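Can you keep this structure in mind? I'll have questions shortly.
Order of writing sets the labels: A, B and C. Residues in every chain begin at 1.
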Amino acid sequence: MRHQYHPLGFEGSRIAQGFWRLQEWEMTSSETLGFIEACLDLGVTTFDHADIYGDYQCEALFGEALKLKPALRDKMEIVTKCGILLPSDNRPDIQVHRYDYRSEHILASVDRSLENLQCDYIDTLLLHRPSPLMDADDVAQALDLLFTLGKVKHFGVSNFTTRQFDLLQSRLDAPLIINQVELSPLALQHFEDGTLDHVQQHAVTPMAWSPFAGGEMFSGTNEKAQRVQDVLQVLAQEKNCEIDQIVVAWLLHHPAGICPVMGSGKIARLATAVDAMSTPLSDDDWFRVWIASQGQPVP
Amino acid sequence: MRHQYHPLGFEGSRIAQGFWRLQEWEMTSSETLGFIEACLDLGVTTFDHADIYGDYQCEALFGEALKLKPALRDKMEIVTKCGILLPSDNRPDIQVHRYDYRSEHILASVDRSLENLQCDYIDTLLLHRPSPLMDADDVAQALDLLFTLGKVKHFGVSNFTTRQFDLLQSRLDAPLIINQVELSPLALQHFEDGTLDHVQQHAVTPMAWSPFAGGEMFSGTNEKAQRVQDVLQVLAQEKNCEIDQIVVAWLLHHPAGICPVMGSGKIARLATAVDAMSTPLSDDDWFRVWIASQGQPVP
Amino acid sequence: MRHQYHPLGFEGSRIAQGFWRLQEWEMTSSETLGFIEACLDLGVTTFDHADIYGDYQCEALFGEALKLKPALRDKMEIVTKCGILLPSDNRPDIQVHRYDYRSEHILASVDRSLENLQCDYIDTLLLHRPSPLMDADDVAQALDLLFTLGKVKHFGVSNFTTRQFDLLQSRLDAPLIINQVELSPLALQHFEDGTLDHVQQHAVTPMAWSPFAGGEMFSGTNEKAQRVQDVLQVLAQEKNCEIDQIVVAWLLHHPAGICPVMGSGKIARLATAVDAMSTPLSDDDWFRVWIASQGQPVP
């Protein structure tokens, strides 16, 4: 389950748990703590956050739970993100839903995240989405400072194209170690647009958000979703397991070393995902899913 | 207003004046001279030409004006282009509207431009459009010779993709310092296809042609144009200025250091553009225009 | 007719003969031998194969002919491919039409090709199509071993995007010397998507498969095909030659050094293609075809 995200560092768990719906789970701090401990027991130690999740409140909910047992901090890796501005009652200063990667904003955002998470440091900070106004030099200045101050140990991006990645990397001393993008049997775009080639070339880890395509994997009614569901069901029967296990195994089978981010608040669902680590697919199995999603044979 | 186009040289003005419609302005040489001097008085010293403008006649019209006061040459930077062949009564040897980047053609085109412009040198020569038949080695030979002979001081391209740029650059000793492409609130393509990422990575200056989208910015009637016009009008009212000032300020606000090429023969319009230098937009303002053009919120 | 495919080696013929339809030609081994000798007499020494051609049988048919006169081996260059799995009565172990670039498969595939071709070595091995499951490190291991064992002298790819090429190259010591892609007046995609820029930048040779677009060049009835046919006919009349000669000359005229792969079993057709070597087109001619295919003037 331990996974080296980059040759120069950041060891986390191959499967990460995301907390973007933590608020919806309506847990008490003590229940959240229990959930966190259950994750750790499963070997899932990498926790994915963003400043904006839950209308800017999820980080704090997590932090309140962590405060109940601060010693857990060293047993987990916290990934969080910055850069999206979302108008919200919780952030009345924000007028326009847009991006902000000015160094001042990045620094302030990390300080807020640290305060909310009740932590001294973030393991990996991701730039949440590429911005047409990103000034790579300005970003680099902020990231260098965050590293020097010990507030952030590693950096990455999310939803970046290869060109955007290259631009930012060209200004940084530290390597960008993650590109978190949408990857699932129903979202093949980044398998084909060069994103997964690029991360492999540069030994960057792709994290997969929405590995179940927001639920479409189970309940989608369009033709593509139904084709994929049919194949997943056959494979789940063959291997006597759950469909989500097959989906996670499918992501794990790819040579890029994809790290899926799970999103359910039910620990049983996470346990199923973890079981995928020991549910190897064959290349035949993998391509059956690929072909079902494409809707046509490979060329 | 002075602007360093590339770390290794070429200082020009941040806003450039283009002369592709000079012929249409129906000015006498003396009027053209007056226009040129008025540009210089505004601090606009970078003048954008191409061999083909005005059916191959604009360079000569400019040259005739410059001949009236040759001392002005050192107070301006001349950018011109080569590589498009346009059937024309003025060029009866051309049969097919196509491109030509054979070294002989580039050398002959520059000689003609120098003769027409009545100059000893061109500050920056741009390859006007990428050609499927461009032989990068052959082009490099011509450019090296032009540099050695002192006929051209710097080189750039126009409308090149990142791959075409990389190919040509791989054969040149001198850096390509400009990629002149269409950029405006109504033409976001190159903000998103990697072009602006690439120029920033390599410290290349993007010049913006058609910053007002050929007038669509003011009079376009489709939904996208109207959405953008609405936002521009609000911003112009807020800042008590002209819409074109907002558009230019919008281009200037981008971190890539975009240099817009103005095209009007009315000096007042150019003065308005220059005023944009002191009309800072906020990031909120900038994204309002971006979102209006996209027709949907940022992801 | 001799052509240097890469600065670091592989000399072949500018025009290659493909054998993907060898089985359909229904030749005896002795007739195949005659065909091979006729190719060599024309100076066409580079022969293009793939493990899967003719339902996995073409390599063996070629090998049986070669066995009749083994001394011919040193007078030709054999290019073959691996990586596609095609369900077939001849390969009952294959369940799913997919790709396989695991090192074991590559090694086994080359051994089978050598056995079928009745050869000791392959001049250039191409990876037939990019696979989403390609593990570049694993591929590199296989290719390095094949080189060390003397089984394959050079390596290339087919149908790879620039990013896929860069990824694989980043793991190899030896240069990839070929990217074989579809290129024809009716298939301009790779002239425009960066593929031909990329091969030129890295001195890789583009081989053109389906140079006649599977016959569409002669008999296609859609508007685009008819526009192209009209121009080709005019040029063929002007130059007093066959249409296919114009098409081959059109490919040869491109600065990337395109090497077309011919596919007919009629030696006269190949002779026509060879004649294209001495049928120079002008740039005007070339663009007439380009513009006809695009259906609009160049920008």
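As a working rule, a contact is a pair of C-beta atoms (placed from the backbone, for glycine too) under 8 Å apart; a residue touches a chain by one contact, two chains touch by 3 or more.
These are the chains along with the protein names UniProt gives them: A, B, C = Putative oxidoreductase.
Fair warning: this is a prediction, and the values are worked out from it, not measured in the lab.
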Chain-level touch network, classified as line, ring, star, complete or other: complete
C-alpha-based rotation, subunit A (Putative oxidoreductase) on subunit B (Putative oxidoreductase), 0 to 180 degrees, nearest 5: 120
Distance between the centres, which are taken as Cα means, of subunit C (Putative oxidoreductase) and subunit A (Putative oxidoreductase), whole angstrom: 42
Interface hub residues of subunit A (Putative oxidoreductase), defined as touching at least two other chains: 162
Subunit C (Putative oxidoreductase) residues within the subunit B (Putative oxidoreductase) interface of the complex: 162, 191-192, 194, 196-198, 200-201, 253-255, 283-284, 286-288, 290-291, 297-299
Of all residues in subunit A (Putative oxidoreductase), those that touch subunit B (Putative oxidoreductase) in their complex: 95-100, 102, 129, 132-136, 138, 159, 161-164, 166-167, 170
